[in-house]
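First comes the structure, then the notes that go with it.
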Amino acid sequence: MPACSSSGISGWSEIRKSAPVSGELALLRIIAFKFLQAVPVILIISILAFLLLSLLPGDPAIIIAGEQASPEAVEHVRQQLGLDRPFLQQLAIWLLNLAQGNFGSSLILNQSVLSAVGERLPVTLSLAALSIAVTIPVGVFLGSLAAYYRQSWIDAGVMTFALLGVSIPAFWIAILGIILFSVRLGWVPSSGFTPISQGIGPWLSSVILPALILSLFQIGFLARMTRSAMLDVMGQDFIRTARAKGLSEWRTVGKHALRNALILIITATGILLSTAIGGSVVIEQVFALPGIGRMVVQAILARDYPLVQGTMLIFGFAFVLINLIVDVLYTLADPRVRHD
Amino acid sequence: MTDIGFEANVPTVGLAPPRRGRSIRRLFRYRSFVIGFVIIVVLALAAMFAPLLTSLDPSAMKVRFRFRSPASEFIFGTDMFGRDIFTRVLYGARVSLFVGLAVSVISGFCGAVLGVVAAQFRKLDAPIMRLMDALMSFPAILLALGIAAALGPRVSSVIAALTVAYVPAGVRIVRAAALVVREMDYVQAARLSGASALRIIVRHILPNCFSPLLVHLTFIFAYAILAEAALSFLGVGVQPPLASWGNIIAEGRDYATEAWWVMLFPGIAISLAALGMNLLGDALRDVLDPRLKGGD
Amino acid sequence: MAAAPLLAIRDLTVQFRVDAGWVTAVEGVSIDIGEGDCVGVVGESGSGKSVTALSILRLHDGATTRIPSGSIAFKGQDLLKSSKRSLRGIRGGEIAMIFQDPMSSLNPVLTISEQISETLRQHQKMSGTAARHRAVELLDVVRIPDARRRADDYPHRLSGGMRQRVMVAMAIACRPRLLIADEPTTALDVTIQAQILELLRELRKELGMSVMLISHDLGVIAEFAQSVVVMYAGRVVEQAPVAQLFRRPVHPYTIGLMAAVPKLDGDAMRLSAIPSRIPGPQEDIPGCRFAPRCGFVQNGCLQTSPPIEPAGELHTVRCPPQVLALGDVNG
């Protein structure tokens, strides 16, 4: 059983005890169960985000209003943020707001967190989607190549490249990349984002470099992971059986091995999305792309804590959803977890 | 659900604590281990003996010497304030390596405790894992960003933030290993002979979770170095004039074309440090997990 | 032998790579399998029997194994020198193999009908539906109850015995001339063992195929094989028709093996055992590899490797006559 399996579930035994049902029903039951599991997680995330503000050393109202602010201004901020109410009441109000879809408002941007995030979503999404679209085929291919030709120079070469990918800081390479490709060669703009509405070409040229830099780490990570998974699978007996049946190497590796490694790769994709978003925070800063990541950083530097809080929350929810999807995909890919 | 702890691929076979002497000798046969080991030792020594290697003060601003190139008496050149880059990189090593070590050790310790507790005491399993799931719902950098932002920009905040970000992965690893170990016959035997829960945990379960955790922690060290650099680069981590590889790069960015050395050397330093730890982690994993033999 | 054997392994030597270099796992092995024959290969773990079997279809890992000498002739064609393409045609088509652990030998993410159909599509160029239809038929042949429904199951839903039946179905799908069964019953319960052996026996008769059965279990060999090959530490030490081998074993090792089997009707107070243990492939033993443990060892045994001598009708043994004479005297 891969270590990454969704066995954070403690209620597994309950499912096991019930009578065996037909394939689809069992599947639906498992999916429904996973949905249920996500609920307490969402609750905890909400509470954690709320608590973020209470981590601030000192009086949050003063910090937000600024050291120089007059007592009235501070009091105003305090009331505006509801900081004068008892703790539990604050928490309750916070949770209620969330339930209504109110994630708070930015102090500086003069808009709701939701709309601020919404405006910048296309940028971050372009970046993440593009980098993942590159990462998955390249990473899986390189990893499989290295596993198949293990101990050869191909293996060594691929793994060295992968190692460099996960060791070299993305923001540094990004700066070097800008110097080379934008300043020196002038192939792509050094900053700024062009939305797709203005044409695929301009859009692509504004995001291709950041997306590729972002994918460096991920390709390295995925290649190493895939190699590991493929080696594991290739060493299994059923691969020998496949060869004993006279199947070609292509079919043996492509069908038998990869299908099994797929399970691990699907889960890896979930991690990749997480690293992509995390990485985009820094990359957007370097490339001055008006994305969510850049907004968060600037909000932090400007002490716009409600914005930080709300954005973190949105991210949290988004990833709970993503993890759920990955979990379900994983269940679909591995027939062993479906029935028992 | 997804997690960073992937790298360790919890083994089911290699869970017995390896015979120390033999394993260490085998480790040194791996070229990757030797290279990684050398890199880390050199960096660590350079960081520890920084005052001996350079007589200069990392924060001393001597405008007279601004923007000297590495060809001069300053090996790595100077920055816009005349500060010696070599000195700053050495002192930055102290920060980065210290953060890496602290984050690994603390998150490892917390992960081990929580993981074993979750595996042993079924009632606590669900709440602990739900909390871990919640923490893991954020990309590590983002979580660390939020916490470091709330706590203020200093080394201790970075350590605290990164520790919180990486603990869930460690918990997962230890819990998975502990769950496997507790079903093993020798644990059943111990339980039958009346050993207390604490004794079983300390004497049987923990030592066997050691291997996968150790491998995981070396990778965490690497992630922590990279993360700290990123946070400092963004201005949320270590603040100048205290030197961190990340903030040196941030400062040097504006002069990237004229004074390329300001940005280059700290970047190489970060890469080397992360590379070294990754190599160590790879070698450790290959030695401690016989299932993946032939993989390196 | 009147006609040329179906499979002729001659002087096979297989080596594995280790840190220090290469070690010999199997040396000078010669085994003949005729049409319709049933040959049992018996030996302890580490005797090299599986290594020999895997060499026939060249299923070893190419990076860590090499075959420096020997030939394996199948219908006159040397398999060791065949092209990859030709070999693939033979694998699963003319020569099939089933393995010890049916759970790990079946792909967990593919249905069993898919795994059987694969062979049919590969060798007989059947279409998908025809292959699936035939797969269900095969499952019937190997006595899987409710075959049509079971065909869409995944391996983990089946019991060990059923999985092995699926392996058998996969193996006989293209009516191979030779079936190699590597410890097919070792991982199964005793009652299931008997069922699988019965199945193999019937299929052998129906399809007229030869079987090479590898096992460390003397009982299985006695039950199933027509002739037996005894292997020790990478070498063949004795070959004989089954009845003869059990009635009158000649090689000191075989004698020891037979004696070690507890008998219900004997009044022995201790189980007899062969002293010491089987040497690993890295251990370099000059001369006869059994000599260190042999009860009839002579001076010459430790110097020169004994040649193969005849010991009766269709009976050969790797032991010098003077030692054999001792064994004979002692019964």
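Order of writing sets the chain letters: A, B and C. Residues in each chain are counted from 1.
Simple rule for what comes next: contacts are C-beta pairs under 8 Å (C-beta built on N, C-alpha and C of every residue); 3 or more make two chains touch, one makes a residue touch a chain.
Bear in mind the structure is a predicted one, so any value in this text is a computation, not a measurement.
Participant: Pick one for the touching-chains graph, please: line, ring, star, complete, other.
Facilitator: It is a line, because the chains touch in a row without closing up.
Participant: Tell me the chain pair with the top count of C-beta pairs in contact.
Facilitator: Result of the pairwise contact count: A-B comes out on top.
Participant: Can you work out the whole-Å distance between the CA centroids of chain A and chain B?
Facilitator: 20
Participant: Counting only Cα atoms for the centres, state how far chain A is from chain C in Å.
Facilitator: Averaging C-alpha atoms per chain gives centres 52 Å apart.
Participant: Identify all positions of chain A at which a residue touches two or more other chains, and write them in rising order.
Facilitator: Residues 150-151 of chain A each touch two or more of the other chains.
Participant: Indicate the residues of chain C shared as contacts by at least two other chains.
Facilitator: none
Participant: Can you list every residue of chain B that touches 2 or more other chains, as numbers and ranges?
Facilitator: 294
Participant: Given the complex with chain C, which residues does chain A contribute to the contact?
Facilitator: Interface residues on the chain A side: 150-151, 236-238, 240-248, 256, 259-260, 262-263, 333-336, 339-340.
Participant: Show which residues of chain C lie in contact with chain A when the two form their complex.
Facilitator: 57, 59, 63, 88-93, 96-97, 99, 101, 104-110, 118-119, 122-123, 154, 156-157, 167, 170
Participant: Across the complex, what residues on chain A touch chain B?
Facilitator: Per the touch definition, chain A meets chain B at residues 2-4, 6-8, 10, 37, 40-41, 44-45, 48, 52-53, 55-57, 150-151, 163-164, 166-173, 175-176, 179, 183, 224-225, 227-228, 231-232, 235, 267-268, 270-271, 274-275, 277-279, 281-282, 285, 296-297, 300-301, 305, 308, 312, 315-317, 319-320, 323, 326-327.
Participant: Quick one: in the complex, what on chain B touches chain A?
Facilitator: Within the complex, chain B contacts chain A at residues 1-10, 122, 125-126, 129-143, 145-147, 149-152, 172-173, 176, 222, 226, 229-230, 233-236, 246, 249, 253, 256-257, 263, 267, 270-271, 274-275, 278-279, 282, 291-292, 294-295.
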